[in-house]
Amino acid sequence: MPYTKRTDLAVEARELWAESAPKTTKLSGVKAEDLKCHGYDVTRIQILDREGERALDKPQGTYVTVELSALARREEDAFARGVSAIREQLLPLLGMVRDDSVLVVGLGNRAITPDAVGPSTAKHTLATRHLVEHVPEHFGHFRRVTVVQTGVLGTTGMESAEMVKALVAQFRPNRIIAVDALASRKLTRICRTVQICDTGIAPGSGVGNARAKLDRETLGVPVIAVGVPTVVDAGTLVSDLLEESGRDMVPPEQWGPYGGGMIVTPKEIDTQVADISKLIAYALNCTLHDGLTIEDVDMLTS
Amino acid sequence: MPYTKRTDLAVEARELWAESAPKTTKLSGVKAEDLKCHGYDVTRIQILDREGERALDKPQGTYVTVELSALARREEDAFARGVSAIREQLLPLLGMVRDDSVLVVGLGNRAITPDAVGPSTAKHTLATRHLVEHVPEHFGHFRRVTVVQTGVLGTTGMESAEMVKALVAQFRPNRIIAVDALASRKLTRICRTVQICDTGIAPGSGVGNARAKLDRETLGVPVIAVGVPTVVDAGTLVSDLLEESGRDMVPPEQWGPYGGGMIVTPKEIDTQVADISKLIAYALNCTLHDGLTIEDVDMLTS
Amino acid sequence: MPYTKRTDLAVEARELWAESAPKTTKLSGVKAEDLKCHGYDVTRIQILDREGERALDKPQGTYVTVELSALARREEDAFARGVSAIREQLLPLLGMVRDDSVLVVGLGNRAITPDAVGPSTAKHTLATRHLVEHVPEHFGHFRRVTVVQTGVLGTTGMESAEMVKALVAQFRPNRIIAVDALASRKLTRICRTVQICDTGIAPGSGVGNARAKLDRETLGVPVIAVGVPTVVDAGTLVSDLLEESGRDMVPPEQWGPYGGGMIVTPKEIDTQVADISKLIAYALNCTLHDGLTIEDVDMLTS
Amino acid sequence: MPYTKRTDLAVEARELWAESAPKTTKLSGVKAEDLKCHGYDVTRIQILDREGERALDKPQGTYVTVELSALARREEDAFARGVSAIREQLLPLLGMVRDDSVLVVGLGNRAITPDAVGPSTAKHTLATRHLVEHVPEHFGHFRRVTVVQTGVLGTTGMESAEMVKALVAQFRPNRIIAVDALASRKLTRICRTVQICDTGIAPGSGVGNARAKLDRETLGVPVIAVGVPTVVDAGTLVSDLLEESGRDMVPPEQWGPYGGGMIVTPKEIDTQVADISKLIAYALNCTLHDGLTIEDVDMLTS
């Protein structure tokens, strides 16, 4: 049995299916389309039924991937276009009405760099609930947003899902946006790809330590997940490389010290996580509050 | 009307009462005793009735102050004795039985140095609930402890008290220990005094921005507060100095730009907050888990 | 003898002189002018001779103060105007020619928040010497800039001045720009005022711990100092308040525990130091490299 | 041509030689011995001549490796034994006399976690030169130690070697100890192995970006390097795995997106770098100052 390739991206799950399935088979129960959005490549995958779920090993729903390639090339308006692209893809998945309130959840461990996308995004996301409720004359046009960093089981003793469940019961948000680090199969996608989906998330996937799920079923509220791959599992990298060079798989039992918990990551992961987290936070702020611009967010968060 | 001197310490509230009351009056409704504990000066103040409440402007209950003077002199066993002293004073106020579970709450803003005692203590406090529940064969002798940093209203949109209320409903702890920064009247007490009380706390007192209370009434669970003064209000400092030098008060309207929100703090506040937070966390760990030593905590938290 | 009021700002030294001198005396040896620069109030003080030196207790030279009041009011273009104002005031004091190289020195202790202006500014300042020398085809139009954080005596065992002297001998810069935290007399100036002078600096003034000087005499190269007040000495605050309310001074011997090393600082000092440091770094970058814009710096430093 | 396996450890260079050389060949010009030191495995490799240099691709000199395996198993006295073992191996390589002064250099980028061993060690190393010189009555029995973090070329514009050269000319230390992150070939050695050698170092090896050397030849002073592997080069990992499973090499041109600059590192790299840096700093402190104990260092650095 070959080493199981690990990815949290629907777009890569589809690639893996295509590689393993007989050439003539058609992927049924899955609809995919490629588009351009503010200059970025976007792939929109819909898993429509049980067959699609089994094929891609993901629950039914919509998975949108934005490839922020221009960020890496440091093009001048790359940040602004990235914010617009994520906003445009996020809005229909959120499907909110005027007065809806939102809980933004930063998942992951801020003390582990490749796991810090959630906490780092939360830090730049505007919390407005208290302003809307106490100073409506100035903030009445904002949406009520609460922001939480759940921490991780090892330092809190509470599953993130349990903690969010408690906050949902108390604050009754209409939507949850959960931000987390993911694992991808390809190194080129690290900190350059954002996946947005309407099926929730199991925190900790990115660092190979999945926990209880946050989704509509467990929380009673729609959960939109925003994820960024920050690592490639070392085993996945090796398997891929072997295949591409036409070699056989290495059976897991021969992995020895090369396996368990090792990750591949770029040297500049600290900066890259900081940059992409800021971009996502700006996109959330501009999505959640009508008419807010990047300059407004600069003023309100600095 | 003179500038109101600001303190969160019962021991200082009593001093202020003594200074303002006629010499012959006796402070009624308040019982105080001085003792030594592991070489440190301890003052134990009990507010017994409504009269005592009015005199000291604090709710009925017990307030214990440990003066960790030896820490400043860097005596060799100062840390270990401090841990023992806080443990010994904390235990009777907690009044726990064998199977009680505890929620430790780190209040305050970790991005503002003098407000970071709560978050910094939480970081060093062992979370054990998940270990006790999932690996009872190894951790059965530990108490179930959950740990949370609530963040502050401005960055979460949620009052700390509301968030704790939500967690209490979900996790049903038998006791809450809330750790926060306080304001004292005397500079000599900064980061050298620990106040433990059984009457709960209003988060943010230390930085002059008090919020909804965490106490037995609001949460339905006994709340033990552990506080450390990290600042002196600039106005309080000036008033005290004037009085001691036999001068009149400065009326608040003459304060102009010297008042509002200015704090007095030692230059080394970053290190001092880090040091005292670690000491409190070690004391909590040794209090909450029978037989745990400082060396054990070193091993488990490093 | 009254408590000596402490300030590192020439503009405040002049105010103190005016308060203590007989009304009819004229301040001789000092020239001062007020101007507007990109909407900000600028004061330009020149100490012309020994008499001026004695009166203001500062060496002969030019001291320019920019009051960045609009930053506090969060006006939209406050940052861009601040960068332009500092650039415009800094350029003539630097008096550079095309090929001059510059050493930027961040003084102070990055582990002590109110002392971190220097290190924090250095972090955002572009180092370009290696690029100009090794990739002249792309970076030939940049000036050669080296950047160093000297650390502090307590953690390096070396005086900052000695370390800079060593680097000057090795790298032979034509100009030195030294950035440090200062002490002011007025709370309203904290993190809102930038002083630029051509007389060098004694590091550590801001936190009351002055060390060997960095100036043209000790280093053999013109030293332009850029300073920001981050604290008010607690004693200075009290003296000022007493005077303004018509009371006598408190003699230093009565200060007791209120004096030694205590500082007054705003609660938000962490954010304020981060913000002003970024502004100064951007101003340095735009001053040192012809034609560089804020957007360029965003691209090059993020 | 196979992918060149990358390692900075002499002990691994010897393993690689043994794997590639014909079975009957003897490694000439290299002497190696295995010993135990405070319970840890120590390997002492001496490169004696040009032949040895060519075989292991390292300059003549002594390379000692301490394998701190017990740290990973969290044995109780692992830290204290590690400090003793490193001290015992370091002392003869330093070969100091009573009055020698020492410059400790922390190489690497503190903003990149796996490159932060040098800066992080420097932070915990006691600087004593100023104390010995100014307060000899209290510190006369200490050695004069200066400590510097050089930063990296990209943020300073100066090669670390140039900066150290400048400091050597100014402060005239008798010995230099340079601490840096390294790359190893085996994941099991990450943050568990310390290599001490008397041949100096090229900074940045650990993150694949080697710079001008710091050694006796370039600086005129003996340079002892202390290095810790924090990463495995992704290509090296794959090559090794292929070989062990009996497969052919993958030619570099087939690597595509899997190569350039990617590293393999444990998820817990942040904590592991912090822990090993502290251990090395404590070992340096106990080595440089006669009679200093771990408890003394605790008191002096906290």
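The first chain written gets the first letter, and so on, giving A, B, C and D; residue counts start at 1 in each chain.
Please note the rule applied: contacts are C-beta pairs under 8 Å (C-beta built on N, C-alpha and C of every residue); 3 or more make two chains touch, one makes a residue touch a chain.
Please read all numbers here as calculations on a predicted model, not as lab measurements.
Asks: Tell me whether chain B and chain C, two copies of the same sequence, contact each other through the same residue numbers or different ones, using over half shared as the line for same.
Replies: Same, since over half the interface numbering is common to both chains.
Asks: What chain lies farthest away from chain B once each centre is taken as the mean of the Cα atoms?
Replies: The chain lying farthest from chain B is D.
Asks: Return the distance between the CA-based centres of chain A and chain B, expressed in whole Å.
Replies: Distance between chain centres: 39 Å.
Asks: Can you compute the centre-to-centre distance for chain B and chain C, using the mean CA position of each chain? Integer Å is fine.
Replies: 38
Asks: Roughly how far is chain A from chain C, centre to centre by C-alpha average, rounded to an integer in Å?
Replies: 43
Asks: Which of the residues in chain B end up touching chain A in this complex?
Replies: Of all residues in chain B, those touching chain A are 123, 127-131, 144-149, 151, 153-159, 162-163, 165-167, 169-171.
Asks: Quick check on the complex: what are the chain A residues that touch chain D?
Replies: 111-115, 186-188, 207-208, 234, 237-238, 240-242, 244-245, 247-248, 250-251, 254-258, 261-271
Asks: Of all residues in chain C, which touch chain A in the complex?
Replies: 74, 76, 275, 295, 299, 302
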